[in-house]
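Note that the chains take the letters A, B and C in the order they are written out, and that residue 1 is the start of every chain.
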């Protein structure tokens, strides 16, 4: 009976998500067609090419960029979550102020940083007219700009779970720590942060996953100089016309994402669905 | 007595445990019947099988001799008052009460429908609150809406799943009296589930005691309290002293400084503590065997101090011999 | 620490909100360059008279409206079905769709469509975009409605059945009325997500189905101009209003 309710969604997901992913898995094992597309025979060549220093380097750089972005979000997000959790009757407003920009257009938010960072952008214009610099600073089209964009885009993913764990935390524990002689800094370090670990772990996974496969941010803020995994996939399907290799890279990304997600669900228990 | 509702050896098995184990019951027309037992004893599962929310894995449920097995809840002529009332939060009192008439009795908007709703509300003294939402009612009022919502369908059996447990103690006692009076007035058969033995004793015409999925005993309140069939029933219905395998209730246990008259069972003991309970005293005494006995003593009786050497005694007819 | 934390929070909120605020301010600038020359609505007028922009905006609205209606109906029913009976497969695929990199989802859908086109004589267009959007909106709708269902007492449906309602009537008359705020909120979220999507859309759109984000992207790629600032500001305010409305609904 309840199957009738889930059927339309299940069918949609099967046809438009599971089958396409299956096609990608199959394509990754086929050979490259002349004008894009795929041809038999079956081969593991696309996967062996992942070990080519050029491509391995791109994957490695993606992981490093995603890790740095995650660490920045961790360090920047925790105090913000702490501030919101302790904000008393304003906490809902402060929380909304974190969530709101996240839900407005991602493309527009990325464009806003281009507006600030490009050679003729706001920051360079101000610095030039103030005489601080003579040449515009190369703020855009580098890894720094990509990192700024990723942190800006995914900081809410860190703040929300951390805030949720802080919010659930028994306030008596803090009073008990103070009662037992712990100064605020010691309470933070010895009680709050350890108890907040599930939120910090969840937040880190939730930030790392989209950063690893990010396409729009590196594309717009990194320009052509910063090829990361997402751009690599896109290139194989458009310019390079090597579908099997693009599919192989996609599959590697999917496997990493799935492993991280299962680990998180295992850790957090059945809190999701 | 011709039985209205009959449970024949019904069982409910979940993987790895039997929630209800071969329970048989026959409930008569117009009876106020209580199913009493500790939490997890299977009484709620039994009720849910009668209502049709669960299917028994074995056995049969019959109403007026007709099996209900395989019938959906909306095809059964019984109705349930849920533990937390399950009032529809988006509907008014009137909306809740008329819900069953519209669906089970397929009535459309009509003067008849409105009249019946008004009558049901009057029955539970809620006239004038018809347009309130459940959130705007007190606990007792919600309870009455739940009653009206079920009673308006004139079910053969009204199933009540611990309906008083959500109320505070004072209100609970008041609602208990109202419920009993209401049942007498309308004559509908009530099957009432509770874990409170006082509630079961005061409300029911007959009651059944359940434990671990099995039926322990069925009988009138007097029978079950005074002649319990098992140690579990004896202990669950009230405090019990166990002396040499015989049970004596504290109110039947006497204390005296002198040796009591012949014909009584008597044992020497030493008073350990005396607790003032307001209307009486509970005096704990240690027997030579090491067993401890509690006696309920009138506060007008001679005082017993800790350390006093006393005699514990009781009438032979107050003694229960039950296998362990 | 008591004083440092609020100071830090101010800085963090500036980081989160200043870029969009600055963009908004400069969308009203008279000058084409980043020099304030006075208040003007000329870039808004230019954006509204730009036919390519207008056509793509209409496309975006059509896609978002269609995807919202379908995904809201499917997602609400799905959440209800999962509430009645868990299904790790359906829940798993929905969650996986949430974390799949957009570009991977885009190329997978493209590969899928091209494979289907071998058998059916159709091409990429509005329909392929709408189907893709329905799919990636489903998970959001299901999760939002599911969250609301967790606070719904399962005994209410049993009470409805007890009072003679059939299972479908119990859903329509008892459970669904309690879900309306969540259904409304999820529809607004779905609309927002659909309207904003660039990466997947750009992979599965045809020549006749260019959406607003695709036009904005192309202009941003070319360095951007004040007209983009104006469009970006309008989109931000529009979507922001939807999100505030969604939050309001959810907290009801």
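Throughout what follows, a contact is a pair of C-beta atoms (placed from the backbone, for glycine too) under 8 Å apart; a residue touches a chain by one contact, two chains touch by 3 or more.
Treat the numbers as computed from the prediction; the structure is a model and nothing was measured.
Undergrad: Can you name the chain whose C-alpha mean lies closest to the mean of all the C-alpha atoms?
TA: Chain closest to the assembly's C-alpha mean: C.
Undergrad: Of all the other chains, whose mean CA position lies farthest from chain B?
TA: A
Undergrad: In whole angstrom, what separates the CA-based centres of chain A and chain C?
TA: About 18 Å separates the centre of chain A from that of chain C.
Undergrad: Once you find the CA centre of chain A and the CA centre of chain B, what distance in Å lies between them?
TA: Each chain's C-alpha centroid was found; their separation is 58 Å.
Undergrad: Along chain A, where are the residues that touch chain C in the complex?
TA: It comes out as residues 1-10, 12-14, 16-21, 23-24, 27, 37, 76, 79-80, 82-84, 86, 92, 94, 96-101, 103-116, 118, 120-122, 125, 152, 155, 184-185, 188, 209-210, 212-216, 220, 229-230, 233-234, 237, 243, 246-247, 250, 253-254, 257-258, 261, 272-273.
Undergrad: Across the complex, what residues on chain C touch chain A?
TA: Interface residues on chain C, with respect to chain A: 1-2, 5-6, 8-9, 12-13, 15-17, 19-20, 22-23, 26, 33-35, 73-75, 77-78, 80-82, 84-87, 89-91, 93-97, 99-112, 114-115, 131-132, 134-135, 138, 142-143, 146, 167, 189, 192, 195-196, 198-199, 203, 213, 216-217, 220-221, 223-224, 228-229, 232, 235-236, 239-240, 243-244, 247, 251.
Undergrad: Would you pull the chain C residues touching chain B in the complex into a rising list?
TA: Residues in contact with chain B: 153, 155-156, 158-166, 169, 173-174, 177-178.
Undergrad: Which residues of chain B touch chain C in their complex?
TA: Interface residues on the chain B side: 51-53, 72-74, 79-80, 82-84, 86-90, 99-100, 102-106, 149-150, 153.
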